[in-house]
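One structure below.
Letters are used for the chains, namely A, B, C, D, E and F, taken in the order the chains are written, and counting of residues starts over at 1 for each.
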Amino acid sequence: MTKKIYEHEIDDGFEIYVLIKSADVRLAKNGKKFIAFTFQDRSGQIDGKYWDAKEEDIKQFVPGQVVVVTGKRELYQNNPQLRISKLRLAREGEPNSPELYMESAPLKSEEMVEEVSQILFEITSAPINRIVRHILKKYQVEFFEYPAAKRHHHAFVGGLGYHTVSILRLAKTVLENYPAVNRSLLYGGIILHDIGKTIELSGSMSTEYTLKGNLIGHIVLIDEEITKACGLLNIDEDNEEVILLKHIVLAHHGKMEFGSPVVPHLLEAEIIHHLDNLDASINMIDTALLRTTPGTFGERIFGLENRTFYKPKFTQPTEE
Amino acid sequence: MTKKIYEHEIDDGFEIYVLIKSADVRLAKNGKKFIAFTFQDRSGQIDGKYWDAKEEDIKQFVPGQVVVVTGKRELYQNNPQLRISKLRLAREGEPNSPELYMESAPLKSEEMVEEVSQILFEITSAPINRIVRHILKKYQVEFFEYPAAKRHHHAFVGGLGYHTVSILRLAKTVLENYPAVNRSLLYGGIILHDIGKTIELSGSMSTEYTLKGNLIGHIVLIDEEITKACGLLNIDEDNEEVILLKHIVLAHHGKMEFGSPVVPHLLEAEIIHHLDNLDASINMIDTALLRTTPGTFGERIFGLENRTFYKPKFTQPTEE
Amino acid sequence: MTKKIYEHEIDDGFEIYVLIKSADVRLAKNGKKFIAFTFQDRSGQIDGKYWDAKEEDIKQFVPGQVVVVTGKRELYQNNPQLRISKLRLAREGEPNSPELYMESAPLKSEEMVEEVSQILFEITSAPINRIVRHILKKYQVEFFEYPAAKRHHHAFVGGLGYHTVSILRLAKTVLENYPAVNRSLLYGGIILHDIGKTIELSGSMSTEYTLKGNLIGHIVLIDEEITKACGLLNIDEDNEEVILLKHIVLAHHGKMEFGSPVVPHLLEAEIIHHLDNLDASINMIDTALLRTTPGTFGERIFGLENRTFYKPKFTQPTEE
Amino acid sequence: MTKKIYEHEIDDGFEIYVLIKSADVRLAKNGKKFIAFTFQDRSGQIDGKYWDAKEEDIKQFVPGQVVVVTGKRELYQNNPQLRISKLRLAREGEPNSPELYMESAPLKSEEMVEEVSQILFEITSAPINRIVRHILKKYQVEFFEYPAAKRHHHAFVGGLGYHTVSILRLAKTVLENYPAVNRSLLYGGIILHDIGKTIELSGSMSTEYTLKGNLIGHIVLIDEEITKACGLLNIDEDNEEVILLKHIVLAHHGKMEFGSPVVPHLLEAEIIHHLDNLDASINMIDTALLRTTPGTFGERIFGLENRTFYKPKFTQPTEE
Amino acid sequence: MTKKIYEHEIDDGFEIYVLIKSADVRLAKNGKKFIAFTFQDRSGQIDGKYWDAKEEDIKQFVPGQVVVVTGKRELYQNNPQLRISKLRLAREGEPNSPELYMESAPLKSEEMVEEVSQILFEITSAPINRIVRHILKKYQVEFFEYPAAKRHHHAFVGGLGYHTVSILRLAKTVLENYPAVNRSLLYGGIILHDIGKTIELSGSMSTEYTLKGNLIGHIVLIDEEITKACGLLNIDEDNEEVILLKHIVLAHHGKMEFGSPVVPHLLEAEIIHHLDNLDASINMIDTALLRTTPGTFGERIFGLENRTFYKPKFTQPTEE
Amino acid sequence: MTKKIYEHEIDDGFEIYVLIKSADVRLAKNGKKFIAFTFQDRSGQIDGKYWDAKEEDIKQFVPGQVVVVTGKRELYQNNPQLRISKLRLAREGEPNSPELYMESAPLKSEEMVEEVSQILFEITSAPINRIVRHILKKYQVEFFEYPAAKRHHHAFVGGLGYHTVSILRLAKTVLENYPAVNRSLLYGGIILHDIGKTIELSGSMSTEYTLKGNLIGHIVLIDEEITKACGLLNIDEDNEEVILLKHIVLAHHGKMEFGSPVVPHLLEAEIIHHLDNLDASINMIDTALLRTTPGTFGERIFGLENRTFYKPKFTQPTEE
């Protein structure tokens, strides 16, 4: 009973503890209600439908509850799916704390804080350093707790911070290899580029877009934060470093059609756009391959033009 | 000698007073320098090249100077062009004040101020009213003096204000015909939608993009102004009216590929996008047709997918 | 029992009179037939499924019948839906006249006729005036009765005429503000631009595309009508005014990829394209917002790139 | 002196008779006028500039004149160009009849008429046969004399008829191989598909677009002709065969963005679109390769996405 | 009992022998399994669902089995569908050989071999002739047995060879009409252009993409075959004819976005691209029209931008 | 006289040794010939025109010659340009060896060989290791000498090898941070991804595309090399590792419209696509910024959608 969702073989029956991540009540073709669940534990997420849901089911089986599912894992058109035969809430004395089931970043929050803090010392531009520290302090809790996206990539607790840390690591190599790159702009830009998601998204559970997220978007929201920081810290907005930092965050989606109001016109803006894409792509593919059988193609990945990825059968020899 | 550029017939010789709008020094194929001028008077603008320019020519014939040109107007591949045979600065006693030659809005600055002020009374939402008044006051001088664009539409003194006033007039009819439209959002959004151009552009003469204009852009610049206004006026940024006003200015280009970081998700945002387009299109076509012979097609209009427009021979009977 | 569909609260049970607008018989997953209805009354339209339909049900529940539905209104993935528990035909003595339930233009047919007639006097170009009167007379009944589209915008009785009248009203302001615009071309073009829909569509009930609609399309169909009118009225087809009028109707979709065989090359063609878009957009958004709860986003609008629109919570203060 | 333009080696001096196809007077950088000529003889066309043109040169060297050029053929950025050292009009007694220099279809007009006439017998649908005969008769002279385009393909005397005949020949094989294809629609559609170009273009010399060509376009112009033919011949416009014939000509550009107001929804429409493309492509490539040295790439072809085509060195062994 | 699927009227009950082409086991909304079948006989293919499938059903009703279906043919949203009421395997003594039910090319394999062989004699370029013969011999069996695509066009036994033969027939007319075309390149290119599909696809039954098909694709696979043939036949890869032959097969999809790594830069490459498209389009439309009622539009065709095609009511008079 | 091109101030006169990189003879407007040069030394490249060129000039001033230019560096529309007043060949005793002037990779050939060799030991997959070693050996000289492109990025001696080494360095960090990535595929794919350019391009001086380069392209050319290597080394082409290696090189342009016949369906293919882009982008921007004055925007970069890049005025404090 301690095995996780993706540790069970396909089509094996099981009884399993999972957390309800989302629960949509819908109408079945026969006119009865059913609940479309997304469950999760630390091995991943899985969808499952609960038929003929009664009003009390709808009331008790809500996001955030830990439940015991009797059923099995199946494949439906290449997507994993949980077939539910029985469902009940986890009781007192059972492992019913939600934290136990939430996927989270491979690094602990403290580790990420530590790693980012080290980087701050390398931002030698005074205005950039002050602005970054100010904003980071203001949103620190959310920054290391929120996912990096509602669904597409790093959609787990701490995903936003972890995505940032991953890019910072790649950036270190970039700085070594390309001496023309400005360290302050690169590090400062990376730390701030997605921090507006702490305003764009509603939180780390049942994540939704906020009104500001929908109507303003995280790209402009972080620009506004820099504007406000300048006001509070008495930094001149016409300072070249400030303008460049704003440009980097505004341009980081790389193209206007992806929501950047300006395209990159700065070396560091171009680099951050590439590193952001690279890290997000690897994470999406990694996540899909985790659930894919070697020698087959996995599920379609929306964020990568619906491409499917092949999981090789051959593995690299252990390198010791 | 008082006739203006476009009041002379094509290929007629003349001596004429005009203002130098821009003067680019370039290398001719023969290795000598020439000056590529744009001249203007109130009948429009015209390009002309001055060959074999000496250093003193380059020094004295600069933007902002009024000059006397001897030459004629010609057509080169459907574009008007001024052939210069002699060129000298206008002297004392001659009409050498630049203002006399600058195209400007059909309305005087005071008239536009008056018309916009009347509209302010109809913005009954308190936060919108206060924000709009605050920003308008801050940029009032530039707003009624700057052009609406460096080149494409309303590229004349006062063009920015005049473009805004024109849209406000159309908006009045929209409000009458579609009762669901919110007056405060519509009027407030129109007044602010392009006011960031006072920061994006360098001024009303020899207009260029500023660094902020190039790297941040007028769409985000006005969003920043609203953010700062909220801070100064103690208006809560989470106020729905504020979020909607920001959304309108951010979305007014209608599509991401035209530089809006978000697309319209609000009735008033959609309407302003349309009215802005309509007024800019009419102005560009009007300007081109002014220089077009009836019964022919005019010059290509860059801002309208390089289309050319036909100027009919038939005119509508005078309607009295 | 006199409340309309959208006057009932979501999830409240009711018994209600509605008109069957369309009725598609389909196969359910269980192999039995069901009817996918679209019902309507003057508060709007709603879809609903009738399960396990017997042959007699299929025969009697057809478009144009008024029925009594017992059931309730629900939300299914943000779209309103009618859950049917009982269904029967309205009887003698009950309000069973279809007209009572059909959405229709806010103006009566006579009012629209009157308004358009006034405009005709302002078309001072003789050939345009004669052509417009001729075609208007030929299709007058359909013009003021048909919808402006099968589904997307102004999809109600009289929608085609109402859409035209709305644009004419906007055009009046355009003529006041932009003196270069030709009144005869603008008004004539607007009245004719969509009148080919009277041939493209099958009628005002259960509207479908005709064979000519599918294979020729309303844009070319109206061009053909002008051609025929010239023949009957002895107007020279090489007359500039006739060519321009044809151009306007051919170009009114603005871009080739939207079905215009030529793009606008005439000021009036460009303007009509914009006004057409503006009026259609407002109508689509208005219709969607009618069914949207304040503070939320409405259904996706196909004709506007599937965007959703936000309905603000704040309302403008009553202005008296 | 009887060699043609492209029979001379590159860089060899010559004296040669050619026809002036077009002559644009332009301003040189040095302020003097020059004439940008396009000359032609039966080996092809070539551009050449005539510097320091005097007023009398401009008056006498006009399109339609045969001239004697002393000069040589050169290559400028892969494009052939004629360097003019002397230029005079051809005199009495010299070969000064324009017809001697105009490129023309490989078939004589009578041969084409004959070939098309044979095809008419195979159009067994009465309405299609009558409409095609009627229009063909109305525009017969122009049809076999005009080019198929101002510049892109079959831009020679008789090109329009020849393009049509070429497609008819391909169509014959299509009919043999695909029995489901309707002979009357296929042949009728091909004969009419481009005949609107007799109205769209100004003639076979110095070909320009007419006002109708620019503002209505040959696709709709031929639809209008069918409409008028139906009126004159008392053919019901609601006849399915008429609707399909119209659809074919309207859809023959294949995609809306290429100017078809409807896309093909009929087997024969789809086929004609393909055959039209195929024949035009072959003609454009053939023309370019004629001027290309074996083993190199020729000039960019505008109508084929600016691609260049390779002319192989190897030739196929004579097959006898 | 000898009538085929599409020889029965819609909604008529029948008992019929068909072959199972594919059989996907899926989960129904009620949690039970069902089988989504595609059946076929020589009149075409049809989908049908078998509800509440037991494990033994799943085991026995697999692709390649002939079965007896009791049921009827229905229309579901314009697509034909088979409603199954009873299903059993065909027994000994019944017509249970799969070949009897497989759609196949209108020509027998031997006829196609013969027709292609005749063409080989006309390929007079020695290297092209040797390469084509070599590859044809290597893949001969598969070439005349495989479909031309998994689903889109010529998706029947022998479809690949038949598609090739059809294009060769069109090519014959092209060679007659356009003398500049090189016979060896045209014929050699056509024969090889799609032969890589014998490696890309898994076979003629239950056709799937192979790993090489998915990750390398038939366009590059045939290029590799030419490379290997050169090695084995001692043909110099730098031979111009070899390079051109490779270019043709690489460029035959016409545009990069359709998977050609190079676009056509050779007359014969351009022609083959057009003929390939033409033949595939006709086949797709033909197949759809076979199942369409005259006077209506058929199913959407994925390979033709989801267009639907109209089947005319009028037929051409028998021509004798 | 030892200063390099870009070490001189703009508009300062100088006498300078440079290498002729390319020399195009063209016709001036006045009918005389001129030579359009590209010169280079180790500080960069610059264009310059030599007017009124005589035949002997044309003969002696050819690519590969070292010349002495008297003149000055100027700016023409933001692009650097060399104004030539005198030109002669460098003589014996002067520094006339071309190598002295060719831009080259910051690493020596031996260093790159060494760095790549170290990587080879980490490719533990036997077939990949053998294929990579085989191809590397075959093209080793060219690989470390050729540019990575004719013009766009790393267009200098050794650029191809240096581009590869730069990506390998980035890849090392990727392998550390993302444990799921396969080392053999990543390193093998990077080394081979562009090696086909040794066949696609003509060499390191006056680089042009070869016929194979134009008609087959480096992406397919390297796939052919792998195919041939498998034949020679007796490696099964159906080996999964071989298929994946081929897929990586075929997919490395990321999208079909950029010339990849397949899009990435493998984690390592996706990563290499990103790293390739990142390194090329940085190199293009770096090169442009070298010639840009701080506080201004540089020249348009063709390979980056014609964007211009800003060179900041502020520099990062020396970090010691």
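In this text, contacts are C-beta pairs under 8 Å (C-beta built on N, C-alpha and C of every residue); 3 or more make two chains touch, one makes a residue touch a chain.
Values in this document were obtained by computation on a predicted structure and should not be read as measured data.
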Chains touching both subunit B and subunit F, listed by label: A, D
Any chain in contact with subunit A as well as subunit D: B, C, E, F
Rounded Å distance between subunit D and subunit E, as computed from the means of their C-alpha atoms: 37
Rounded Å distance between subunit C and subunit D, as computed from the means of their C-alpha atoms: 44
Where subunit C touches two or more other chains, by residue: 29, 211, 214-215, 240, 244, 265-266, 297, 310
Pairs of chains satisfying the touch condition: A-B, A-C, A-E, A-F, B-C, B-D, B-F, C-D, C-E, D-E, D-F, E-F
Interface residues, subunit C side, partner subunit A - complex: 28-29, 49, 51, 74, 76-77, 81, 83, 297, 310
Residue numbers on subunit E that touch subunit D, as the complex places them: 122, 124-125, 166, 169-170, 172-174, 176-178, 180-185, 240-241, 244, 263-267, 270-271, 274-275, 277-278, 281-282, 285-286, 289, 297, 304-305, 307-310, 312-317, 319
Residues on subunit D engaged by subunit C in the complex (per definition of touch): 211-212, 214-217, 219-220, 223-224, 227-228, 231, 238, 240, 243-244, 246-247, 250, 256-262, 265-266
Residues on subunit B engaged by subunit F in the complex (per definition of touch): 26-27, 29-31, 211, 214-215
